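These are the structures in question, set out in turn.
Paired with subunit B in one complex and with subunit C in the other, subunit A is shared by the two complexes that follow.
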Partner chain A sequence: MTRFLRTVIGHAMALSAGLVLVSGVHAEMSRLEDGDLASVSGQGGIYLSGDVSINELGGPVQNSYFGSCSDTAKKCGARLAYQLKENGGWMVLDDIRGKFSFEGLTLKVRDIDSGFGGDGELFNRDVLEIGLPNIVRFDSVEFKVATSSTARPTDPGFQQTDIFSIQMQGDVMLEGNLLVFPTGSP
Partner chain B sequence: MTNREIRFMQSVFAYGVLVAWLPMAQAEMQSLAESDMAAISGQGGITMEMDLGVTADSISYFDDGNGIYLENFRIGSASTPGGEAHHVIKLDIDEDASLNLDYLVEDRRIEFGDIRLAGAPGVSMGGIFFDHSVEGGLKISPGGALGGNGFTFDSAFTMTGGRLGYRTNGNEVFLDDITLDVEALGVTLDVSGGAVLLEAPSVVGSYSVGAIRYSNNPLNHGNSNDVTTGQLLASYGSLSGDFDLSSHTEIRAGGRDGVQGLRVDNQTTINSANFIYRDDGNALALLGITGSYVINDLRLDITQDWQGRNALGFTLGSLSGDININRIEMGGNGKSIGQLNVSFLFEDHVFNGRSYTNAVYLQGGGHQDAGTQGLRLATEWSLSQADLSYTDNGNGVVFSGLQSWGHGDVTINVTRAGNIGTTEFFDGIRIGFDDLEAGYRMNGLRVGDEDAPLQGGTELLLAMGVYPAYDFKVDGHITLGAGGASGEGLTINSDIQIRDGHAALISAPYDEGTGEIPQKGLWASDLNYDIHVRDMTVDVTDDGFAVIKGEAWSTMDIGNLRIGDKDSGGSFGRFVVQNYEKGSSMTIVPGGAGNLCVGGSGADAIACGASGGRWEMRGDEGITIKMKQVFAKAVSDTRKNAFTWETNRELGGDGQPVNDTGMKVVLNDIYTGDGGDIDGDGIDDNTFGIQTDLSVDVYQTRVVKKSDGPDSAGVVGNRGDEIIMDASTAAGYRYVASPTSADIDSRPLGFAVQARAQFKELSINNVDLVHPVGGAQTAIYGAKLQNFDIRANLTATPIQ
Partner chain C sequence: MQASLLGRLLGRSCVGGLVASLLLSSWSAYAELQGLTESELSEVDGAGIGLVLENFKFAHGTDVDNGQIFKIGGLKSTDGRDVEIVVNKLYVAGANSNYGETLGPVNLGRLVNPFKIDVLDGNDIGVPNKAVLEFAAPEMVDAALGYDCLSAGAVAGSGSCASRPASAELPNGERPDIGLQMNLVVGEDPSANINIHAQSAVIDGSYLRLWGDNARKQMVAQFKLNFYTPELSINACKPDGSGCGSKILMQNFALELALGNELQPMFFDVDGNGHFILEIAAIPTPQAGTIGSDGLRSSSDGAAWDFYEDYYSNSEYRSNLTIGNLSVGDRDFGSARVEGMLIQHLKIETRDLAP
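Moving on to the complex of A and B:
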């Protein structure tokens, strides 16, 4: 499978998980003691740790708008623009930069047929378990929310209004497990 | 087998060995009885010179009444059509009655123009030719390993100017400029227990193949240069290597079917071997190969396959072995990916309720549109157990419990580009799949060695594009053309259709120690996958292994993305991923991340530590993959990048969801770009694509406990404690709050990935919501992502 396919499937999973969470019905978060896993069949999965940075030194585009982070006259972050109305303006997340670190994100398929105060036996299904890392560290994460007349900042007639900026620094506690499973008609 | 039959077989075999080492001397030599030779001493010897030309319309072999015909048999000159091959043979008899033969054969071709099976009119397997000059000696002494009734052979020869080719329908592929040196001393031949025993304590040699050439000109036949243009024929590359083997072989009468046929049992030890493939001088080298294998109960019959088609059948009882490759080098810098070991056992096994065996039934014909000549292999395989071990700078990971099975037809033709009937052919060796049903699965990972506890984590292979488990039906072809991006190499054209597939994205073990169970996982089920590749070149370059795609498009239609069981697990719905790339490339470079700072910055350990990072020295082995994926703008409904998720489908009469009856969200026409018309030709440029560098090492990783108390193995620790491997404990590890330096050296192994992905522009033309009755409504009229540079240092460890 190409990286593109894997990426899209990964996005699909994230989207699926996101939508399930939005429904507020089909996903649960609860901390499990490690000992609970002793009764779980189908052990497997992976444990991920590491850090991810976006445009720490700048991006690959060098033009009148984008440049190196050492060039204060230009923006070195990434940019996302999307258009909600045909021939309308563009919503923009601009100058996206920062670094995330985490330790102990787990991913596995789990069969729940016991526990959870007796609810597990009634549930009796397989789920995708995303074990959340205890801490996600944000290091100089920032972006701007803006509106723009064009998709690219180098397009003719480009105008942009920066509405507000967001900066994040510090630790976010994420404990427990995210259980994702399908419901309804596929 | 009666004593008379055994004596006859012994004589035939000795005669056959003599003929093999002294090709075609039998036309002039009279056989000598042993008693005659015993009485001869002090002879000056005999020298024979001859120019040999032999032709035969057909040589037939019958097994239980079924025949195979080797047609248009010829021995003669390799360089002069209709000419003769020159032979010089010196025969001498020593005082111990041993027979000495010195021989010189020049410019000889042995050829079968065609191979046919009785009962299969109109089709054939194609022709084989073998050109060579050979000089050597053979000594045959009385007495084998078991006593005076056998023989002992000492042989050494050098073959030069060799050519071995396969030809179908006027197109041919051949090994050109073969040189082979072999010394086999003390080879014994005996008969015991109804079997011919062949003991080869030492077979040592080396070889080289100057080029592997392809011709689509029917006028060429074993020519290095095209006879029409004078140009050197395109080459797949060259080969060289050496070997030191010892073996024990038993040959018996009697096949799998009927009373006639042949049975072969063999044990071979690879004391040492090296294999090198070169592409324009750049090497892909498998060095320090050692191991052994055992062939048990291999039978040869002229018989029928499971569809009643006449065939030359090879059926196998079992094949087991253990092969180790000490270094895998690529490119010009002599760097190694690491060490590879594979142990395997092919034997009958039941997969998914169906029994599989190991058999190949050779038939004539190949692909039905390619012409009358070709090979069709009705094939079934059953790999019941294999372990694949990869070691990077002494750190080992075992992909444990690999199983594979398959059943169906594989066709082989040498083809030339063009359309015949409804089939498009390309220049090269066409490997076709005709209703082939196949699959594989892995049980889990073992870290360290094969005795370590079974763990999850096979999904880490997804980073390399390999599913942990996959079963499917497949039709289509892969055609391997000669010549790469420049000079030697491969050019691949392929059309593959996968049906009714199940691909695991995450998988649990199929055997947790108490017998096989249905494998749980996250499955791309009810999978139909069409994949097309045009002009993809594969080369070994100075950097490593380079793949450049000309044009590639595919549609991956996942009928149900299921969790749990692959057939009955809950479904997230249908996902369709369409892919269209032009000018994408990938390079595999030996060596991983090397020395790096994780979690900080700095060019050495001190600077890294000062920045709060951790300095890691991951060694000189490992793998780095450099990818460039250029997603092209849509040119049709089948050649575009798009993603569709469909749910709430109506159920059909069989209770299964019917595609295109539900609600969909569609991300349509996704493509990369350089951010505008940089070169001013009026068209937005698209050359940068998404560029991704992945450096992968097997390395020690920090794994912390996520909650207080005992874990699944009953090992007690507190939240935040590190796992430290400790063979002296029952579980093989313990938890440590503050690891010492010695503890840190015993951190668990996992995959360490240094990654960087960057793109200038990625666009989505529109995002639609589609109602089965109301049609499509556009939710987003375009999205554009620009100037992304994402870097990551990740460690992935199997969960215990």
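Moving on to the complex of A and C:
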């Protein structure tokens, strides 16, 4: 059992003990009807800042192909290969590495019933709002798009064609809110 | 099936005990809930995810002095020299950006007609017995309700695009200015500078659908790209951005590209040598005797004739390109149209240029 689960269960036990203790005052509480409960919506939010780095110094695999970033003869980035056809070759995102830092990524539930040039009133629902962090700092972010004959570079018959590579560094402007909501009619 | 899923979930962790006690404690409210029958449940449609970007602005570029780099490399010219593309600026921002000089916010997608990620029932779109993954831009709407796709001052009821241009009531608008300024360096040659800007761009009605093909055991796709802009401009300047040449200006540019359809999907593959292959399969030839020698329905097998009639007359399968006015510098070349292009067969294969 993970530590997280143990913590959850621990809390739940404390909670049930609490429920027993407060049973004396239970009579003074009034019951919340289903209708009232349905109108209660979460008002909290989450604010995130930090950085995500991928193989900045090198990945965990050390072999004839992968190694530390200080070893110029080896590749140190992450590799993601996917096959589009049974027994076919592989599309590869290779040598993925770098660091993304951001401050002020926010998450909250927002009720929209106005604005958006009249759409808000028609929409009149809750959405999940992801507030983009305005600036994302890219530190030596790079990756290659390639095609390969085998999934692993250490497999026999390995052959790879690098199609192009992308290199990004510095501040990227990313402003606004991403609104996420279910569509369709369940 | 549900019971076994629940059983597995319960068996996996001790949380099961908690869930069970919660279920028991909510017993008193149970009487108010109604059971959903199997047939009712089967009517529930897998709802997709709607995405809208509000007050959105994206920009990145190269500014070496300030530690900003955005490069695309690893390309080779036909004579084997390295090609490097330095992206000076890539932006997606509100309309009236003056070619990316003043970036304002834009809304992408509408709450009532958003960008969507959805799993479709293939039976509804001509791909029998498949679940199809779709990424879609806002859908086209009835011309009586929509907005003209090209005009930056379009009003309701003027066309079939859902995204609205910027206006006094909607200052952000839902049609972004998009631009790419780049320097192209080939080997030791001094770099060439190329700038592409699209104003008040609309991609309504575009989608990418992905599914798997049983017979070929391969990923297949259907891609529709609609791109409308009142002005698409391309020009080349000196590498430092000073002094630009003649501008190629395409006014009222409309591209409706259909790559693959449900009868001829687009296949992706990488061959044994690691080369990428994109193929749009040819439409099967009619079986002998199903189409009469005079080509008329009366002398043919009805179903086969209808199949080919639909294939050749369905405008959804065809690509169009219209340019309202093309000008280079101060020369006007008038309008250009390429309409009703049908892809019979297409195969693109990458090759290694390096020996």
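Here are some notes:
Assume the second predicted complex is superposed on the first by the 137 of 186 C-alpha atoms of A that agree within 3 Å, B and C clash if a C-alpha of one lies under 4 Å from a C-alpha of the other, contacts with A are read in each partner's own complex, and residues count from 1 in each chain.
Methods note: contacts are C-beta pairs under 8 Å (C-beta built on N, C-alpha and C of every residue); 3 or more make two chains touch, one makes a residue touch a chain.
What you see is a predicted model; the values in this text were computed from it and never measured.
Judged by the touch definition given at the top, the superposed model places A:84 against both subunit B and subunit C.
In the overlay built on the shared chain, the residue A:172 is in contact with subunit C alone; subunit B does not reach it.
Of the two partner chains placed by superposition, subunit B and subunit C are both touched by A:181.
Touch counts on subunit A: comparing subunit C and subunit B, the chain ahead is B.
Once the two complexes are overlaid on the shared chain, A:123 sits against subunit C while remaining clear of subunit B.
Contact with subunit B, but none with subunit C, is seen for A:108 once the two complexes are overlaid on the shared chain.
With both structures placed on the common chain, the touch criterion links A:156 to neither subunit B nor subunit C. Counting contacts by the rule stated earlier, residues 1, 5, 8-9, 12, 34, 83-88, 127, 180-186 of subunit A appear in both its interface with subunit B and its interface with subunit C.
Chain contact summary for the complex, subunit C toward subunit A: residues 13-15, 18, 29, 32, 44-60, 63, 66-75, 103, 105, 107, 110-112, 114, 116, 118, 164, 167, 169-170, 216-219, 267-276, 350, 352. Here subunit B touches subunit A in the complex through residues 444, 455-460, 462, 465, 467, 503, 505-509, 512, 520-522, 524, 554, 556, 560-561, 563-565, 569-575, 577, 579, 581, 598-599, 627, 629, 631, 641, 643, 645, 647-649, 651, 657, 662, 675-676, 688, 690-692, 701-714, 719-720, 750, 753, 758-761, 778-800, going by the rule given at the top. Subunit A meets subunit B in the complex at residues 1-6, 8-9, 11-12, 15-16, 31-35, 37-38, 40-61, 63, 66, 76-88, 101, 103-104, 106-109, 111, 125-128, 131, 134, 151-152, 154, 180-186. Subunit A makes touch with subunit C in their complex at residues 1, 5, 8-9, 12, 34, 83-91, 112, 116-120, 122-123, 127, 132, 144, 146-149, 159-186.
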